[in-house]
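Next come two complexes built around subunit A: one with subunit B, the other with subunit C.
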Partner chain A sequence: MTTQVPVRSSARPASAGRRAWTPHVGTIPALLLVLPLALVALLFIVYPLVRLTLDAFTQGDGGLSNFAAVFQSRAILNSLLNTIGMSLVVTALCLVLGGSLAWAVARASRPAVKALLWTSILVPFWMGVVVKSYAWAVIFANNGILNSTLQNLGLTGEPLSLLYTRFAVIVGMTYTMLPYAVLAMYPTMSGFNAELLNSARIMGSSRTGAMVKVWLPLVRPGIIAAGAIVFAISIGFYITPVLLGGAQTPFMATIIGDDIFAFFNYPRAAASSVLLLTFALVVLGTAMRFVGAKALKGGLRA
Partner chain B sequence: MTIRSRSRATTLLAGSAAAAFVLAGCGGGGSAADDTVSLTIASWGDPFTSATRTHLAEPFMEETGYEVQIVDAPGRYIASLESQNQANNVEWDLLDSTSAPDAYIGYERGLLAAMPEDVQSRLLETLPEDAVTDFGITWSILGYITACVEEAVETCPANTSELFDVQGFPGSRTSISTSPMVNLSLAEVAAGVPVEELSTHEIDLDRAFATLEEFQDASGAWWSSGDQNMQVFENGEAQMGISYSGRAYTVAENGTPMSISWEDGLYNPGFWNVVEGSEHTAEAWEFIEWIATHPENAAAWGVELGYSVPMEEAFDYIDEETASQLADYPENREQLGDMNFEWYVENYEEVNTRWQEFLRG
Partner chain C sequence: MSELMNRPARVIDGASRVLGGLLVTAAVAFLLLPAALVLVLSFGTGNRVQFPPQGWGLDRYTEIFSSGNWGAPTLLSFEIAFYTAVGALAVGLPLVFALKRSLLPGRQFLEGLAFAPIVIPISAYAVGMYAVFSQLDLIGTKHGIVIAHIAHALPMVVIVLSTSLEQIKPELELAAMTMGASRSRAWTGITFRLLAPAVLSAFLFGFISSFDEAVFITFLGGAGLITLPKYIFDSVQYAVDPAITAMATLLMLGVTFLMLLGTALRKDKK
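The block that comes next holds the complex of A and B.
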């Protein structure tokens, strides 16, 4: 952080009797400043996660038995595949749609257009996930807006089954995750110098060639960061799959909830949670290796 | 919370009237002295919590001088009690309307207190025999009944067997996804087990799941909460199915004409329980005896939420139309079967595993 701040003020000689303002903070004050957050993180994030992991290996019959129980359950494996597969689809959709949106915002020259685009991205971001999911449930219902419109237009006789399907879950999740993707990709998109595309064209590149060979490598860190964030958050979804997917397209979080609240099988729930957590960490770790932690942090900060 | 510690806390937060108000609210309103008994009830959140507070807890407080607090823990009783036990810090004294499977499992796991014999014999003076169990009294009772959207199909099924006859009565089905016992018991009824025998019948899992597979193929959606129960009918996701009795009548009141049949349905009691390890067990049982002997309060509670309560005298305070929609209304009660929860507790793991595989696999 500190190295990025221009040191203009400290470069100027300090006048007598007044200490020049310096952006550098000593080690001890810095540690003191971080301490409250570190304590909270230790108590409410690190401790529960360590405890959860220990529980997964020690509760019930202990050892790997809880993990064995997870892998022996067809229902859990099915929902694990469901979770990963649908999260991948959501990630891909968010990258394509979010990338286009981020690019459009970055290139928009009229302030009014820019403001409108930002509003349309951020308003859904600020809505609660339950509200968003119910809105889609109303739209997708058998006698909902979409079906009645299609029927009135004569495009379909019988109402289409949309609600409580994978399709509904993917739409609802993509809608929820889109702002994250845009915010993660926006910094690299807006930092991209559009003149480079012109230069590439002048040097004889085709339109597509310029995009693939010049634009893509430069915005790649943003895309990977966005993909990693969207995927890692997606695999933990709970409410949207419950409200839009119904009982037959469960996510891992639903199954973990079953184990805790309906079947009181806490050890197996702990094992499933650790598996899901490991999966998210592997994805984030791989992404970090690809683009370097800096770009990912930039994405997360946005 | 004592008066002393409260006033100190108020001083610390001097100037912040709102904070002081909240702190005062913690004590439950009345002035709290050191020797005041304070009971904590776990409930389901509104509208449950307010109905319990208005019709049961507040009049009880006035009569006894005890304090009663209500905390919201919808659907989390057993999981929370397990973790409270693990932390050696049992915070609750009473459970409001525990679902039957949770109550039986909770008692089996030692999380719920056994009813003392003297309490049991006194309760039997005001309650019917089947309302008093080893671990509590039945409460917030409803029926699982056959409901059908009249305009959606040619013929609505008139009982459980017809509902499970997917060829004879075509149409998309729905049922509750969170209760294997309800679905398995009704599947057995469809296979020919008389409802009167259900309470002692050992479910043939292979046969019941085979019946449910057929039902599943015709399924439009499963519901997991009362809201969703109504939604699947109102939105047209399902044309017929198993419904909570109260919710089915609400759908009809909201303007979707419903055919509602109690024939061969299930009687589904909830329970008032005392928590094992509570510091005020005696007072908690006193509360349960209090509600068992106050049918007027019980009736008001039940009418507000659309649930039935076990005492016959309660019906003296309920109008005929509302009463006829409740599970304990004699004409309805005699058509309903009881689930064999003793069997469920013994076969709990197998039933749940197979149910999860069936539904989610």
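The block that comes next holds the complex of A and C.
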């Protein structure tokens, strides 16, 4: 006597519909999954940028007139050069300090040293951008920490004007961007095979020579990606330049904000914004051509 | 091997080693100093922020809680940050499943799109948002700010979630499916559970990103919406209110705690 194994009703005969043994969902569920992003991205990432660009060319007198208005204004032109120049300085500082830090973290073997380095890298992340600027304002103010310390030590008689200067803005921005730079460079630095340095030295290279000829070329993609990311974010800065910068050296963001809220000149603000956007895209695009989209994304996800 | 090296090379090596050490030390001091300073000064007294303070005490903290100025912005910030975190998850969570568990063409592009808000210069982005928000009547509305903050938080949330989902082996789902589970059952029973700490961590990162955000609120918040960063921003522009040191310290400690929690949650899973 053979017992019939009861077949569960849900089990389908082998012929009806092949079950795909893949970890991947089909196209339609996948489309449903990306639907929320598609909506948000279309409406609030793509559309604002498209709208901004269109407005820059069509609002006001249209054509290139808004850009002409930007370039005819001494104040805006100065601010644009100022923004780009200061962002370059910030980027350079972030690459030098951040590169040293990233390399130090990657090489540190003692857990205590590693912990100290990671803590210091992450501290600025844990302060909001407003709080960071506030801290530097407290340090740089005329009767601030730095000045009173210098005066107490007898190094200066008069208080130095540090707050509301380019210097203060660069310090404040570097403080904000340094963690980004470190995190963007860390994957490359920690992925670097330190044996290569030993090999170079066995073959007679000096430590410095090995760093310049072996290490630098191999970590260059990480450095380029970090530089591009830091620069692109830097040129958009708003809070730090307002709180630490002087009225004589405004950042583009301040000019743009004033155009909208004080002069009600939205078309010119749109044109200025498009210029900023173009600079960011060109820098990121160039970096991407040099190091590939992967390295750039790797720099972001750290 | 040092015998192979000539003297100048050794001098250069020593100098570069010292220089490297100095750079790292300087960077660490630079990073820690402002935070430590705010922390220390928050326990000072007197109506000016100075170092060393005139005296020590909890005046700054009692002022925050008694003045009544800080309550409304804080509540608003909490509210907006909560909805932002929920919204960013609602967008980010399905997305990472589509990225890691489907063969949809254009996945790289979609991921890039989600990362875009981090690298678009924020002031240019804010102007574009301003135009769109004016058109859609979202200026000065709470839900408008939440939307802007969702876009702002998205890169971080997607990075946290996709890094974690990458580490959950699809084979686990396949194993469940060979034992008769449907795909959705395999996802809810296995993948979601393994991903839960990352989801919480992503929630915290989304929350913090909104809680700290000050540019969008300035461009899009109108006159009525004042979040905590906006309140501090406005007051620092005109005068340095000593009570801000206490608020800044509380913010720093709160965010540090949440970040550590978020990071610890992510590590647990590995």
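Observations on the structure shown:
The working rule: the second predicted complex is superposed on the first by the 270 of 302 C-alpha atoms of A that agree within 3 Å, B and C clash if a C-alpha of one lies under 4 Å from a C-alpha of the other, contacts with A are read in each partner's own complex, and residues count from 1 in each chain.
By our rule, a contact is a pair of C-beta atoms (placed from the backbone, for glycine too) under 8 Å apart; a residue touches a chain by one contact, two chains touch by 3 or more.
Just so it is clear, the model here is predicted, and its values are computed rather than measured.
After superposition on the shared chain, subunit A has more residues touched by C, the comparison being subunit B against subunit C.
When the two complexes are overlaid on their common chain A, residue A:Leu81 makes contact with neither subunit B nor subunit C. Looking at the shared chain after the overlay, A:Phe44 reaches subunit C, while subunit B stays out of its contact range.
Touch criterion met: A:Ile260 reaches subunit B and subunit C at once. Once the two complexes are laid over each other on the shared chain, residue contacts for A:Ala141 go to subunit B and to subunit C alike.
By the touch criterion stated above, A:Val242 is placed in contact with subunit B and with subunit C alike. In the superposition on chain A, A:Leu196 contacts neither subunit B nor subunit C. In the overlay built on the shared chain, the residue A:Ser73 is in contact with subunit B alone; subunit C does not reach it.
In the superposition on chain A, no contact is made by A:Leu64 with either subunit B or subunit C. On subunit A, the surface patch touched by subunit B in one complex and by subunit C in the other comprises residues 137, 141, 143-144, 242, 260, 266. Residue ranges of subunit A in contact with subunit C, taken from their complex: 19, 21-27, 29-38, 40-41, 43-49, 51-52, 55, 96-98, 100-101, 103-104, 116-117, 119-139, 141, 143-145, 148-149, 175, 178-179, 201-202, 204, 206-209, 211, 229, 232-233, 235-239, 242-243, 252-253, 256-257, 260, 266, 269-270, 273-274, 276-277, 279-280, 284, 293, 297, 300-301. Remark: subunit A residues 73-75, 78-79, 137, 141-144, 159, 161, 163-164, 242, 246-248, 250, 254-255, 258, 260-264, 266 touch subunit B in the complex. Those residues of subunit C that touch subunit A in the shared complex are 1, 4-5, 9-10, 12-13, 16-17, 20, 23-24, 26-28, 30-35, 37-38, 41, 48-51, 90-92, 94-95, 97-98, 101-104, 108, 110-132, 135, 147-148, 150-151, 154-155, 159, 162-163, 170-171, 173-174, 177-178, 183, 211-212, 214-215, 218-219, 229, 232-233, 236-237, 240, 244-245, 248, 251-252, 255-256, 259. Interface of subunit B with subunit A (complex): residues 75-76, 78-79, 82, 105, 109, 177-178, 220-222, 224, 231, 235-237, 352-353, 356-357, 359-361.
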